[in-house]
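Structures given as structure tokens follow.
Okay, so chain A shows up in both of these, paired with chain B first and chain C after.
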Partner chain A sequence: MDLALQLFFTGLGIGAVYALVALGFVLIFRATNVVNFAQGEFSMVGAYLMVVFAVDLQWPYGWAFLAALAGMALLGVIFNLGVYYPLRHRTFLPVIIATIGASIFLANTVLALYGPAPQVLPGWFETPGVQIGPVYLDSQYLLIMAVTIVLVIFNFWFFEHTLLGKKLQATSQDKEMASLLGIPVATMIMLTFVYSALLGGIAGILVAPILFVSIQMGATIALKAFAATIIGGFGDVKGAIIGGLALGVIETFGAAYISVPYKDGFAFLVLVAFLIFRPQGIFGERVAEKA
Partner chain B sequence: MTRRRLVGTLAFAAFTAVIVAAVALIPMQDYTMHILVQTATFSIAVFGLAVVLGLCGQINLAQAAFFGFGAYAVGLGTSTLHLNFWLALVIGMGFALAMGAVLGMTTLRLGGHYLAMVTISFQQIVTLIMVNWIALTHGPDGVSGIQRPALFQSAQAFLAVCVFAMALVGYMVWQLPTTRLGRAMRAVRDNELAAGVAGVNVYRVKVAAFALSAVLGGIGGGLFAGGFSYVSPDQFSFAESIVFITMTLLGGVSSPIGALIGTGLLIVLPESLRFLKSVPGLYLAIYGLAIILIIRYMPDGIWGFVQDRVRRLLPPPPFAGAPEELVLTQAGTASPGQEPPALEVQHLAKHFGGVKAVDDISFQVRRGSVHALIGPNGSGKTTTLNVLSGIYTATAGTVLLAGSDISAVPGHARTIAGLGRTFQNIRLFRSMSALENVVIGAEQGGHHAEVSHAALVERARAALAFVGLEGRAHERVTGFSYGHQRLIEIARALAGQPTLLLLDEPAAGLNSSEKLGLLELLRRIAAKGLTILIIDHDMTLVTQVAEHITVLNFGRCIADGVAAQVLRQPDVIAAYLGTEPDAPAFH
Partner chain C sequence: MTLSRRRFSAAVSAAVALPGFISRANAQGSTIKIGMCAPITGPAAEQGRYAQTGARLALDAVNKAGGVLGKKVELIIEDDQTTNPGVVLAFSKLSSQPDMVAFIGSIRSTQVHAMAPDVLKVGKPVMIGGTDPALTHMGNQWLFRFRPNDSYSGSVIADYGVNTLGKKKWAIVHSTDAFGTAGGNALATALKKLPGATVALDQGYANQSQDFTPVVLAIKQSGADVLGSYFTFENDLGVFARQLRQLGVNIPWVGSPSVVNVSALKLAGPALYGTFGVADYAEDSSPASKAYGKLYRDATKIAPDNQSSWTYDAMTILCMAINKAGKTDPAAIRAAILAVKGYAGAEGEYNFDANGDGLHGYNIVRNEKGNIVFDKHVESRS
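For the complex of A and B:
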């Protein structure tokens, strides 16, 4: 029972990371109707930027974090201009392939620059954690959960209660109408990419002290986050968060009780089960193409 | 088989014989032989991607996994189990086919994003198993001591086998687009919804394309294992799947020739640029960048570019002889009055969540009549049409087509049952010629297997002649004016020999002379005895062609009957003009 509680806590922590990346997926999907297959690489790049600033350059953690975020925002802009924007009038398949190309490009450029050896990023806090009853709460996991909660609240507030958020929503729902109403659609899409790159980067930076910082971390996280969006219901913000948390817990229990080497396979099994039995996910609805 | 095709086939066979003889007999270095075996076996896997991605528009990011199934089947089969090479190869193909079919069946009902992510996941699971299930796969050490078939023991003889297999598979993939299945795949790629409405079973075609691509991956992998005598998990990783995709895109996505060009280039180029491999990641980073650039600047690849130039120089030959007269519905056998109506809708409803887009409507369309469904914007007209043609599932109610209940029949089967339709926003298969579009309508997804292809082409020609566009049959549809594209869509529906033609706002976006042409066309269709159900806003058109009118408002039927009487009803005038029912509408 104690072990189960401990695993549950760990699962939620790792699930929160999946949830953040999944949120980035969903926001871009809603704004552009495209699944960004480089979303996981955003996390990987974020973590490496943090290694560069905090470890290599020995900047204070807070400043390094801000610098990494600035780098992520820039990456969002470049990604939008270089990958999405030139293809915006094409069908989804070329765009998907281009984002896959971008994901390979990012991962292997980092590999070429940094080499294959995994990097270590220390956690934010000196204190490793606290013991509450039978459960040991690792400080980094606590931080991940706290940041996730703050970001989810911010996300809700931003999209529901600010004018910019409303404009972004309008753009994602009907680009033509939004542009007729004087909303600069291209800028709104650019902002969506920047925001998603930031979310991905934050997720990567948060999870980096737990996992090693490696080239593969992007692909692994993206796979889980995508599974999370399907479990929650594709295109649904709430679904992405719940799906991410659920997947983190399932995977942690699977690794503890079934098999460690196949830990990354559980996400796939859950994904396939959902595709067969409930493809619309927990919250989502399938929107048929309009005739 | 046409003469042109026969000549092409013979020329190809002769060419293949020469090439196979050449690689079997000309002495060459081991290094050259390795490059050639790799090119031949990779090409077969890339042909698979040309089918699934190029022809059918579905992505497969796990081709290296299917390649690996073939390779491991041959590897473990011949080394550990001492099976015959060919038997092991067939087992590998069967396994790849089964996995491809299962993966396709679970995912292909959903959008392309799912397929992309699921194939990536699948690829990663396969790599995990290859590395971790050591008892079966020998783990990271890989499989060595792989045997070749008894007759082709030498590396050079086996190379000839690989080249022969490449030529054979290449020939089949080359011919595929002109077959029924190939055309259905192209239709699915260009416009899934229209393909379904033209009678193509979209889901089955996608699964077939995906499974076919998996099998070709398996064949390529099996031969690869034979050629190199050793396989290991890293040869079948996600990175290799990306290499396969890049090869496909670079050469040209929809042709085996393009696939061969792309494969050859990406095998020979990195060999000559070996220094790139000294920095890990660099060559894959370049591949990633290449993918983005190809997609942006050369979407049809190298071969697509060449082909486009050739096609402009050599247009296909014109038809011999005049087109046949278009045959529409067969006359009913029962005496008049005994026959059921062409369409009977009973208590039909379609709700979207709480919105009742269509709410309990009933009407009949008499056989041989022109019936109009009208109503203000948002009254549920197009929703009704979408429910009738099976794009939406009805919330409640029954639809009888010529007396038989089709309420539970899927969309493409309704088309085969006799329902033809056009769309409000034109949905043609944009990469195809006018004739190819109409042939797809004529063959209804291969339903009429007993009718020869020549007869289907004749029927398509007749339909195009009927709408007045037979002279431009071989032109790509994107080159036609909006009005003419609409006519091609009508021809596509007519070529399927429907018993009921559904027209969704055919006059929308047409200028006044095109509208007159449409009116004349509708009258000629009606004169041939085909029943028409038309939705349109253009009241002039409706009153000129329709004998019966059903009026919808807020998802309900507010009037139904003979045209002139319906249009005089006060609530119909009110719904259209927004006046009080008792106020005079005109004056």
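For the complex of A and C:
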């Protein structure tokens, strides 16, 4: 039982990271109908920006965090203008290829600027964690879970109860209709990229003290997050969160009780099972051709 | 004489191609070319930089001392991307140049396995750092190893844990790639030969795992009183070490060389204090190791480790062997490398055996609050 509790906690922690990155996938997918394969690199860039501000420049952690977020917002704007905007009238394929290209470009730019050495980013808290009964709670994992909860609530409030959020939703549902109603579609899509870059950056910054900051940190997380979005139902915000958390817990338990070397396999086994038996995911609606 | 179209095009092609032939002929004449596959990109890019530095330091020394066969030595490096397809591609790019004399390959066993069939086809000497024992025991006469192989590290880890630390109940944690699997097997086999020693847990994990909680809990439950490990990547080791300490496992830990290398120390910090590691390179183990340490520190301002010392030794001994052979014929170079006995390198004393293994022992070092301290040298009995 103690063992299961410990595993459950760690699984939720790592699952929360998948969920944050998955959320970024979903938001961009809803706004533009393309999968942004550079979402994982957003996490990596966020973590490196944090290293630059908090470790290299020795800024206070809070300021460094804000500066890193500002950097991520800028990256979102540049990404939108450089990768999505020129291809917006094409089919989704060139855009997807462009995001893959952008992800390779980002990874190699950071490699060229920062070198290949993995970096250490200290956690937000001085204490590494607390022991509650038989379970050790890593303070960074606690922070990740708290931030995920806050962001999910913010997300709900923002998209359902603010005018800007509703404009963003309208844009994602029907661009032509939205623009007929006077919504500046291009700006809305840019804002979506900015928001997704921020989410990715936050996930990277939060997970960096646990996994270290390395060029390939984004790729591993993004692959799992992508699986999480499919399990949750592609395009569904709730689904991304639940899918991410479920994936984290499933792979941790699978590793502990079945096989450690096949840990990554469980995530994708679940993915394959969903693709066969419930391709629309947990929360997705059955896709029908529009008349 | 009228100039026919055919003659004209022949003349033009000759004019275009000739300078290329001439420059190639010149190049063939002026330098001795050695190719190197190293990770410039990918997860091991940092270690790749150390490896290149080691090889270049040796290259400078060789060229300063007059080069090889009276010519300057040139090192041509290709990126292996830290992947198996990458190393195969890098090696084929290098070996397609006919004037390459010999090569420095990878420190990763899995990559050496991947390139081994091509090495056999090319038929030129390749210096390697991968420590899977099978590499020099699978009938490939062109592979020469400049680090002690895992059958020795396994027996040295087992010997130190059982006879020096007095611990008998072992947990073995290893990656599931060629290096980790071979290492884990070697340690388990060595433990079987020691009276009273048992393996309570033999646990593999996949590289680039984000979480080791299940592994740590399995160690805890096994009741093991000593941990032996073979980690391939330092970031995995860092994550594991921190989770191990957080979840309260404090049994003695004797690990493969990655436990004591520079990047692991930087990433894991205090979580690795008090651990023991077998190290092929230990700065205080011999005068030659000390001299190399000073050379490396002067050049790079960071502490030396095995990632650079093996390429340093490989380059030095390779050039020495070509000089001794007196020609660049692969078979002559092979014979000259195998004839190296009692050479004091940065990694230890090289005595090549018929399989192409140059080293047969390990140093035991311990991590004292972040400093790597030499404990003792153990020559393998197996």
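Heads up, the rule we're going with is that the second predicted complex is superposed on the first by the 280 of 291 C-alpha atoms of A that agree within 3 Å, B and C clash if a C-alpha of one lies under 4 Å from a C-alpha of the other, contacts with A are read in each partner's own complex, and residues count from 1 in each chain.
Criterion: a contact is a pair of C-beta atoms (placed from the backbone, for glycine too) under 8 Å apart; a residue touches a chain by one contact, two chains touch by 3 or more.
Quick caveat: nothing in here was measured; it's all calculated off a predicted structure.
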item: Room on chain A for both chain B and chain C (clash or fit); value: clash
item: Partner chain(s) touched by A:I14 [first = chain B, second = chain C, both, neither]; value: second
item: Which superposed partner A:L3 touches (first chain B, second chain C, both, neither); value: second
item: Partner chain(s) touched by A:P116 [first = chain B, second = chain C, both, neither]; value: both
item: Which superposed partner A:D138 touches (first chain B, second chain C, both, neither); value: second
item: Which superposed partner A:L163 touches (first chain B, second chain C, both, neither); value: neither
item: Partner chain in contact with A:N108 - chain B first, chain C second, else both or neither; value: both
item: Which superposed partner A:D264 touches (first chain B, second chain C, both, neither); value: both
item: Which of chain B and chain C A:A255 touches, first, second, both or neither; value: second
item: First, second, both or neither for A:S214, with chain B first and chain C second; value: second
item: Which partner reaches more residues of chain A (counting touched residues only), chain B or chain C; value: B
item: Of the stretches 8-16, 26-34 or 80-88 belonging to chain C, the one that collides with chain B; value: 80-88
item: Intersection of chain A interface sets (partners chain B, chain C); value: 108, 111, 115-116, 215, 261-262, 264
item: Parts of chain A lying in touch with chain C, wherever the complex brings them together; value: 3, 6-7, 10, 14, 108, 111, 115-118, 120, 128-129, 136, 138, 210-212, 214-216, 220-221, 252, 255-256, 260-264
item: Residues on chain C engaged by chain A in the complex (per definition of touch); value: 41-43, 45-46, 48-49, 176, 203-206, 208-211, 213-215, 217-218, 221, 234-235, 238-239, 246-248, 263, 266-267, 269
item: Partner chain A, residues of chain B touching it in the complex; value: 57, 59, 61, 106-107, 109-114, 116-118, 120-122, 124-125, 128, 132, 192-193, 238, 242, 245, 249, 279-285, 287-292, 295-296, 299, 382, 385-386, 389, 391-392, 423-424, 504
item: Residues on chain A engaged by chain B in the complex (per definition of touch); value: 29, 35, 37, 82-83, 86-87, 90, 92-94, 96-98, 100-112, 115-116, 215, 219, 223, 226-227, 230, 234, 261-262, 264-265, 267-268, 271-272, 275-276, 279, 286, 288-289, 291
